[in-house]
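Right after this note come the structures.
Across the two complexes that follow, subunit A remains constant while its partner is subunit B and subsequently subunit C.
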Partner chain A sequence: MATKSFSIDEVKENFQEINIEEDERKGYSGLIVETDKLVDFANILKNKMGFDYLSSVTGVDYLPDNMMEVVYHAYKSTGGKPMEFKVQVPREKPVVPSLVSVYPGAGFQEREAWDLLGIKFDGHPNLKRILMWEGFAGHPLRKDWHEAYYEEDAKPYKSRWPNGRDVHLAEDRNPYKKNVVYPKDFDPDKWNPEGEDALYLGMKSLQKDDDLKTEQIIVNLGPQHPSTHGVFRMVVNLEGETVKKLEPVMGYLHRNHEKIGERNTYLMNIPYTDRLDYLSSMSNNFGYVLAVEKLMGEKAKPTERAEYIRVIMAEFTRISNHLFAIGTFLNDLGAYFTPMLYALEERELIMDIFEATAGSRIMCNYFRFGGVARDLPPGVYEKMRDLVFDRLPRKIDELDKYLTNNELVRVRSEGIGVLTPEEAIAFSAAGPVLRASGVPYDVRRAEPYGIYNRFDFKVVARNHGDVYDRYLVRLEEIRQSILIIQQALDQMPDGPIINGKPQYQVRVPAGEAYGRVEGPKGELGFYIVSNGKPNPWRYHVRAPSFINLTALSKMCEGDKVADTIIILGSIDIVLGETDR
Partner chain B sequence: MYGKGIVKGLGITLKRLIETYIDDIKWGKKRYNTDEGIAHRMSKDARGIFTVQYPEEKIPVPEEFRFIPFLIYEVDENGEKIERCTSCGICAKVCPSQCIWIERTKDPKTGRPVPVPAEFYIDIDMCLNCGLCAEYCPFDAIKMDHDYELASYERTIYNKEKLLKPVSYYASIRPRNYEREEKARAKAAAIKNARKKQNIR
Partner chain C sequence: MPENINSEGYDIPPEMQQTVAITTLDKIYNWGRKYSAWPMMFGLACCAIEMICTAASRFDLSRFGMEIMRPSPRQADVMLVSGTVTKKMVPQIVRLYNQMPEPKYVVAMGACASGGGPFKGGYNVVSGVDKFLPVDVYIPGCPPTPQALLHGLMKLQEMIDKQSIKNVRWYKREPIEEIPIPILGPDLIDPRDLPQIRSNLHAEKNLGIKEN
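== the complex of A and B ==
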């Protein structure tokens, strides 16, 4: 259960003309705002009260109450507890004023809520589907929407036990060509993708520069350009070589992770979170487990040893993720694979540790509610010590010497893809992207979770906000992570690794919780609504790689087309998380 | 001087190249195709290139490594297979991808369930290898395997026959876990026996 961060009267003082109420449902917190006054409310919240960073926007479909709710989490960029506010609208006519004019970072998230839940945002400049395709029928996250291979509302399915004779392949339930539902009167052969036309028209409508006869052309980068880190597409309007406008197109890897999560029991979701950002599964586990533990309260408080193991694993993940990010970034620059493989060597050694402890190199599935899955096997502690006290510092210095002052790297990346601090906050950028723009915001410091307040480390920030600074922030963050692991290894006590007996059915009281961690890519948040049943009612992921892309267009405008590739590389996205 | 950074960087590449050969010469034939050599290449002191020449060389998997579940049977004095599984269904209930199907045996006369699975299927193409089934099995009957070379052209569903493996195999791939569990099982059996005796009295 979320703790209250301020008294209601204090808040009300700021909003004399706006009707706000406290959310009094059991296990809930935050404010319920009048729908019509939402924009005014947000303006005061941002400009008068200083909540300038809108972290998460999402919707919840309360089918039994015939109500849609939009939930916002805003923070101060100087740190502290969230201001959570909501608007409630009837399910038949879910229209909510858009907050893009106040918080531009809401842009993609509102589009996602429209796409998946069918909530209309009045005044949104570009309210199109974002993850699903334009010809898709319905809004899949609504509770009354069923997928083609629908079996039951919640796992475990009854057909599996005790009469599991009717064994079938998944595709038998979901035969090819019958697994798609089209909207009414829809003929796929005659369909003209309106969305595409609109996208191109939007690009063409730009003003032409008449001084010099330069032709404007629209170029599709991707899907699946080798440098785009996955199936990702950027539609670029070019004038000569200069980017006039850019729009990212995504969703090619969409699998409706959140719907799957709402069918799963709480425990089943842990291995699924591994598959979000598949380069940093331990951090994903951490965020999810934290959110559920908030709901479960004291009985799921992690043990002391588990807390240390969690921090060590999360920081190792950060190191391995940043190594990978630096490696692929250099690939994008054209340094074909040599730096990448140097970085991967160290990542390999970290993954050996994950494999020995969690059982898998990438899909770790290691965290449990109230602790971790198993203790460190013999020899792993020593291996960790060898790495962080000896090998990694040495190798990071070598990487630094190898790349940082290379003139080609600097020429290509300095002053490219600049994001000012104001823009970075406004676009809800997170992680290294935000910190490279000079905003020293790190959830580990801003709102410490786990036992991060026990460690001595610096929040790395730099001031230019360009691609080069993002590289430097990542490099320095590796060093800080090494420092944290060194301290954690020294302080780690013996003891049990899980609170109580491991249980496969956890009881989660009704309520809502927002758990967030500083993932390697930025603020990773999980918003969970429980109604007391074994499955979450709502499970939402605030995916940093998705929201960081909101700023991509801004970063690329005015730069050369070749630079869009490295700007994208510097954001460091993983499509498993972007598309979910 | 412009270009100094590039030259320095190239120096590091050169150093790495030379280190590979120094290591090769120092270790001689032992560096490749020996356990010792692979262990060295995976250690913190590894220098130069440290790729492993799969499939000629294979990295030994750690004990906790998990890949596809299997069922354990024990062999009694008469050489009969005794399955540990009681078809309680916890693995099927905890499985995130719902890839486990179990049919419980029924007594033909009374129609009441007997604690042995009549059939046990795992769709191994759907399995996430998360290991939750093995983690929460109260009878140590389902465990995760170490064999990861399962590529095939067809979709595969394993049945009980294919899934069953002897307990000696389990002891050989996970000796530490096996030892710990056997101790716990012996303790639990001792308590059970003591209770039985008390009841008889």
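== the complex of A and C ==
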């Protein structure tokens, strides 16, 4: 349960003409705002009260109450507790005013809520589907929408539990032997494909800067492209080599994390979070267990040793992620694969530690509610010490020496993809992208979780907001992470690694919780609504790589097409998290 | 030479054994092919990370002649389907497969590409790339470790080694048919399913079953 950061009267003073009430449902917090006045409310919140950073927008389908709810979490970019506010609309006609005019960072998230839940955002400049394709039938995250292989609302399915006798292949139950379902009256001969003409037409721009006879061409980069870091697609309108307009298209790896998560029990979701940002599974675990532990309260308080192990693992994850990011950054610059080999060499050593502790190299599935799954096996502690006290600092200095003052690196990346601090906050950018723009916002400091307030480290920030600064922020963050691990290894006590006995089924009281951590890519948040049953009612991920992409078009416009590649690389996206 | 490509039953004088080999066309053809199977640089999801690690120095794909990853399907021999195949992505995957020149092979890397894996039930997930493409090697794991991937690729080499010019499909007289590209409709439409979709539509209409 989120602790209150304000008193209701104090807030109400600011909003004389707007009806706001406190959310009084058990286990809930925040304010319920009148739907029509939402934009006014947001304006006052941002300009008068200083909540200038809109972190997440979540749609929730309350089917039994016949109501849709949109939950917003806003922060001050100087740090502190969130302001949570909601609007409630009837399920038949879910129309909510769009907040894009106040917080541009809401753009993609509102499109996602429209795509998956069918909530219409009035006034949104580009309310199209974002993860699924135009023309897909239905809004899949609605509770009464069933997928082709639908079996039951919640796991464990009766067919598989307790004796697992009636288990059949899902294909056998489907008339097409595939994972497809068509509307009853779908006639392929009368059906008109929507196609992508609208997208291409929207890319055409009529303005011209000069009288030169040039032709605008529209180019697709991706989804199969060696430098888009996965299955990401950018539609670019070029004039010569200059980018006039850029539109990111995603969803090519949308694998229904949230729908599956709402069918799973709480524990079953932990391995799924590994597969969100598959370069940093430990951090994802951390965010998820933090949110559920908030709901569970005292009985899931992690033990002292577990807290230290968590921090150590999360920071190792950050190091390995940033090493990968720096390696691919050089790849994008054209230094094909050689710098990557240096970075991957160190990453492999961290992978060895994960494999020894958690049993898997990249899908760790290591955190549990109230602790971690296993204690460190013999020899791993020494290995970690060796790594952070000796080898890694040396190797990071080496990378620094090779790359940071390399003339080609500097010429290609300085002054490219600039994001001012105001823009970075407005677009809800997070992580190294935000900090490279001169906003020293780090969740580990702004709202410390776990035991981060015990460690001495610096929040790295730089001022130019370009691609080069993002690289430097990552490099320096590796050093800070090494410092944190050094302190944690020195202080780590002995003791149990989990609070109570490990359980297959946890009891989560009804309510809502928002847990957020500073993942390697930025603020990773999990919004969970429990109704007291073994499965979450709503499970939403605030994915930093998804939201950081909101600023991509802004950063790329006016730059050369070759620079879009390194700008995209400097955001450091992982498609598993972008598309979920 | 990593292995003996000589066919049995021919006596080569000892002084010529370093320079002369007597073998069958199949053997020398497959020997050349299997050590130069270039994969397509094509990462879908988590498995792609392990694929990159396999290509890097510790595991080193170049020991198998596979280090040259081609971003263009026209230059690739092996399609490593490394990750979850989604409905939105599958038209592109089929198109890429059609663009690859023969001989071509498909490796389904990991649980998702083999059968949908943990995401099988998802509304945007294709339960296995073999619903559309002919798969030669399946590699289990979520994700498969680099060792498992290497083992899978060695199995592919064994498979290449067993093929014969006499009956491979790309030397047959009749042309090879392309795989029809799936369409994104209200749900994913496989053009091969269209007759069944039509007949189901009419069957339901005749029976009078309609939504609501």
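One rule holds for everything that comes next: the second predicted complex is superposed on the first by the 546 of 580 C-alpha atoms of A that agree within 3 Å, B and C clash if a C-alpha of one lies under 4 Å from a C-alpha of the other, contacts with A are read in each partner's own complex, and residues count from 1 in each chain.
Note that a contact is a pair of C-beta atoms (placed from the backbone, for glycine too) under 8 Å apart; a residue touches a chain by one contact, two chains touch by 3 or more.
Given the structure is predicted, the values throughout are model-derived calculations rather than measurements.
Look at A:128: by the touch rule set out above, it reaches neither subunit B nor subunit C. Contacts of A:301 after superposition: neither subunit B nor subunit C is touched.
Once the two complexes are overlaid on the shared chain, A:140 sits against subunit C while remaining clear of subunit B.
In the superposition on chain A, A:575 contacts subunit C only, with no contact to subunit B. Once the two complexes are overlaid on the shared chain, A:81 sits clear of subunit B and of subunit C alike. In the superposition on chain A, A:160 contacts subunit B only, with no contact to subunit C. In the superposed model, A:170 makes contact with both subunit B and subunit C.
By the touch criterion stated above, A:365 is placed in contact with subunit B alone, subunit C being left untouched.
Using the contact criterion defined above for the overlaid structures, shared-chain residue A:12 touches neither subunit B nor subunit C, since it reaches no partner. Once both structures are placed on chain A, subunit A residues 170-171, 271-272, 345, 348, 363 are touched by subunit B and, in the other complex, by subunit C.
Touching subunit A in their complex are the following residues of subunit C: 41-46, 48-50, 52-53, 55-58, 71, 83-84, 86-89, 92, 96, 112, 116, 118-127, 131, 142-143, 145, 183-190, 193-194, 196-198, 200-201, 204, 209-211.
The residues of subunit A lying in touch with subunit B in their complex are 155-157, 159-167, 169-171, 264-265, 267-272, 338, 342, 345, 348-349, 352, 355-360, 363, 365, 373-374, 377-378, 383, 386-387, 390-391, 398, 401-410, 502, 504. Interface residues of subunit B, counted against subunit A in their complex, comprise 2-6, 8-9, 12-13, 16, 42-44, 46, 50, 61-66, 87, 89-90, 92-96, 98, 100-104, 113, 119, 121, 123, 126, 128-132, 135-136, 144, 155, 157, 176. Residue ranges on subunit A touching subunit C, taken from their complex, read 131-133, 135-137, 140, 147-151, 170-171, 175-176, 178-189, 191, 193, 223-226, 230-231, 251-256, 259-260, 263, 271-272, 275, 278-279, 337, 340-341, 344-345, 347-348, 351, 361-363, 575-576.
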